[in-house]
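Below are two complexes that have chain A in common, paired first with chain B and then with chain C.
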Partner chain A sequence: MTSPLPTQLLDSDLAVVTRGLTKRYGELTAVRDLALQVPAGAVYLLVGPNGAGKSTTIKVLLDLVRADAGTAEVLGVNVRDDGPTVRANIGYVPERTDWGYGWMRVGRLLEHHARYFPTWDAEYAGRLARIFELRPERRMGKLSKGQARRVHLLMALAHRPPLLVLDEPTDGLDPLMRDETRGVLAEHLSETPTTVLMSTHHVEEVERLADHIGVMRGGELRAQMTIAELQGGLRRYRVDVPDGWQGVPTLNGAVLRRIAAAREVQWTVWGAEADISMQFSRAGATVRDVAPLSLLDATLALLNPKVEDRA
Partner chain B sequence: MLITIDPTDVRPIYVQIMDEVRRALVLGTLAPEEPLPSVRQLAVELRVNPNTVAQAYRELEREGVVHVRRGQGTYATKTRRNGTERRTLARAVATRALREAHRNGLSADELIEAIRAAAHHHHDEVSS
Partner chain C sequence: MTTIALHPAPRWKTVAKEQISAVGVALRTESILFLCALGLIAVLAIINAVRAIGHVHNQSDFGFGPAGTIPITLVGFVLPFSVWRSEDPARRSYHWAMPAARAPHTLTKTAAGWLWLMAAVVTYLVFIVVLGQVVAHIDGYGGPQHHVPAWQWVLPFTSATIAYLLGSTTVIASDHPWRWIMGVIVAYAVTLMVFNELGWDGATRAWDGIVNGYHGLRAAIFGDVRVRHEGASAARWISATAIWGALGALMLAGALLRRGDE
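Coming up: the complex of A and B.
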């Protein structure tokens, strides 16, 4: 299926941009010809199933992993030219927080971390430590997944970097801490001019904080646009059709999902609502209902197009 | 004034915030010249992007529902437009009901008739 979905943003001021980015692990191509565009000041949600290539992309941006082809620029710097500068400007929460420093106490790790960042805001760090209920005397290696995640969130936020890169930031957090984290991020965005690149496979947890979305699967970017564009351009149509109906050939390519049962057909279609509705009526169908999709349903339709007949 | 948003509602968040402010004005829980919560305060409360709150306030300002006092915040505007707000609110409710009716294969006339009958019944129940 040729996808009519947008993958190019119009913004010229990009905080993160990759061109033709490709990363292979042996036989496996983890990321393929990726053109990621994160506008400055955006809160960009990178969504996709496990193994989509989200974490690999993020590691390339931090120059923790080297791409096989293509380039990656972060805040105007090619990451291969100056990895340390790039990392100094990023607040990073890694997907896995169980590596290294297991012997170190939380308080000692925070002190150690603070020294690397001249912009470290000690007062803010203290406030975050209270919100996240961190105990400085605990050893990193003894923390639960959620506790370790909170330590990393604090380390990412407290130097108020121009770019936050959060790889599954709410993973492992209990519902209460997930809610606190959303509040902390909303406050952080209100106080600090920041660009955020956040990967997640739980769209519904962080969607209200985001304004841009990139949908990845199999190492490729299926779509990239503002969330307003996605929610404005995708609709679910319930359509009554006459017997022996031939369908709407002009819609080919724009249809992401079609489920048919007897004379009722449900379509998920990308395009302007008035135009699509007109094409349905011209083809002899009656549009019974047009509804926008939740962001979760929209991403599922993008990730997993399905056209099936249940007659 | 309490602003709540419904995550299962398909209206965009900024529209939900705008409708909530209108609702508060109609109900009187937000009076003219009273301040709205700051962008930051509401963003943290609702766990939304502050730009979304700012967008809602900007649209409300464009519609003359609120006004910004530089360096002080956003305030409900004293208007003679309470009637207008009521109509806007009623129209939004009607549009949602109409969509639901259409989905169920009902015409607008059938819906209107049913609303009259239901209102009558409701009125009888309340007064008895």
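Coming up: the complex of A and C.
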């Protein structure tokens, strides 16, 4: 027998926790019965295709959007009860790059932002401004997507919040600046005790930073686990199959991807390796090779809309 | 979970001071235009006064009167569009993402804009009075401010405030404020025409009274610009101002409490 994909973390020390969170926009249910668990101190990667409900979830956590059902707690505070305190403790990079006042100069916007965050570290902000090559005299509305994104990153980091909520933080950045940003984030995490909840399509870029992953699709959380669990439990099996082979019925539900080429079939399967291999053997197939997946490949497998067969 | 020391939200005094400052920056261009307009008026008034020297029947007649309320009322109505520039509700997420309660935060920004409006009214009145004195000195004519009742000096403050409340309500509540404004004006005019065409005199009078009645918007905004013909009354102005001011405040409160999602 195979085990289902985990959606609960055993960690009890949670920085972010939602219970039964549901958000509807008219007929559309953007988020359905979500039970997100972000452990304190974790770098939690929230992945999913466009429209999966990631940004809506993030907005609920900041009390920018009110859920229709369920609760959300950030750092032990119910977001609906005390939104200002929640937001004072979150460094937020939104998905959109026209965030902030387009008519304001970068330097003035940073001053404005600093006054709202009593813990603003001016020296750190200055250092980040140099790293990100920000020009304070430029108007926000005149910045490119990448330049605006760097301003947003500075605004999120410089008050050294206990929680960073980053919605596509490297979107719009050139490769060099993406690399720089990764370095800045890594340095920030080493200097400041921070929990990170990050939504990104560029999974490969944050592979070394992330330690937890949540997979959303169609507004639902399909899986939630540590990266170690993911890489330990998800394997690619290269299998030789005989003519007229009927498959392995007992694997249904655990198969995330199947690619067939002649008699060789590649299966991406969730479960204990020994158990899966034994089931293949019992069904008459020969397991030729078992390999772990990169985070990107594992994510792609988890995001596969057809869980069973793709051949 | 592990207890961590939460960062505090900013104090309201800090937020208020910052909003006054930030709104001031937002209104910089409009302030320059306003001062340029005053400068142009001054130049024209002085030229007119100089040309009037020696012409007994052609004095420039410059000074503050009830009609002088009109421009500052218009300023009050359009100012919210600058205060909330590029921040219609669908794009207000930066304002909402700040660590401050949403409705009081929006009210703080609105109040900051109102303070700048009041500064503009003071500037405008001082300008009118000073320019009136200068013009009077040039052409030797006293100007109408000598005949203005004391309560009419308060009128620009209240009318600009009512206009600002109504303008702020539409800007805060709607992604398309001009559509609402034009829609309301057109709906009002069409309804009045229909009532009139149907010969419904009572309904026509009542409907017309919203604007032109004893407590109508016109009495609140302009005191009564036809003062010299009909006789203005401080009591009428006070009651109309109270009604329209309360209505504007109620509408603004509704807009503030309307919680739209980003």
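Following the convention adopted for this analysis, the second predicted complex is superposed on the first by the 297 of 311 C-alpha atoms of A that agree within 3 Å, B and C clash if a C-alpha of one lies under 4 Å from a C-alpha of the other, contacts with A are read in each partner's own complex, and residues count from 1 in each chain.
Convention: contacts are C-beta pairs under 8 Å (C-beta built on N, C-alpha and C of every residue); 3 or more make two chains touch, one makes a residue touch a chain.
For clarity, every value in this text was computed on a predicted model and none was experimentally measured.
By the touch criterion stated above, A:49 is placed in contact with neither chain B nor chain C.
When the two structures are aligned on the shared chain, A:20 is found in touch with neither chain B nor chain C. Of the two partner chains placed around the shared chain by superposition, chain B is the only one that A:209 touches, whereas chain C remains out of contact.
Once chain A of one complex is fitted onto chain A of the other, the partner contacts of A:126 are absent, as it touches neither chain B nor chain C.
By the touch criterion defined above, A:136 lies against neither chain B nor chain C after alignment on the C-alpha atoms of chain A. Residue contacts after overlaying the shared chain place A:118 against chain C, while chain B stays out of touching range. More residues of chain A are touched by C (comparison of chain B with chain C).
Chain A contributes residues 12-15, 40, 59, 62, 64-66, 75-77, 83-85, 87-89, 92, 94, 96, 98-104, 108, 112, 115-119, 141, 159, 161-162, 193 to its touches with chain C in the complex. On the side of chain A, the complex with chain B involves touching residues 43, 179, 182-183, 186-187, 189-191, 204, 208-211, 228, 231, 238, 288-289, 291-294. Contact residues of chain C toward chain A in the complex are 1-4, 6-10, 14-15, 17-18, 22, 25-26, 85-87, 91, 93-94, 96-102, 259, 261-262.
If you check the complex, the residues on chain B that touch chain A are 7-8, 10, 12-13, 39-40, 43-44, 46-52, 99, 102-103, 105.
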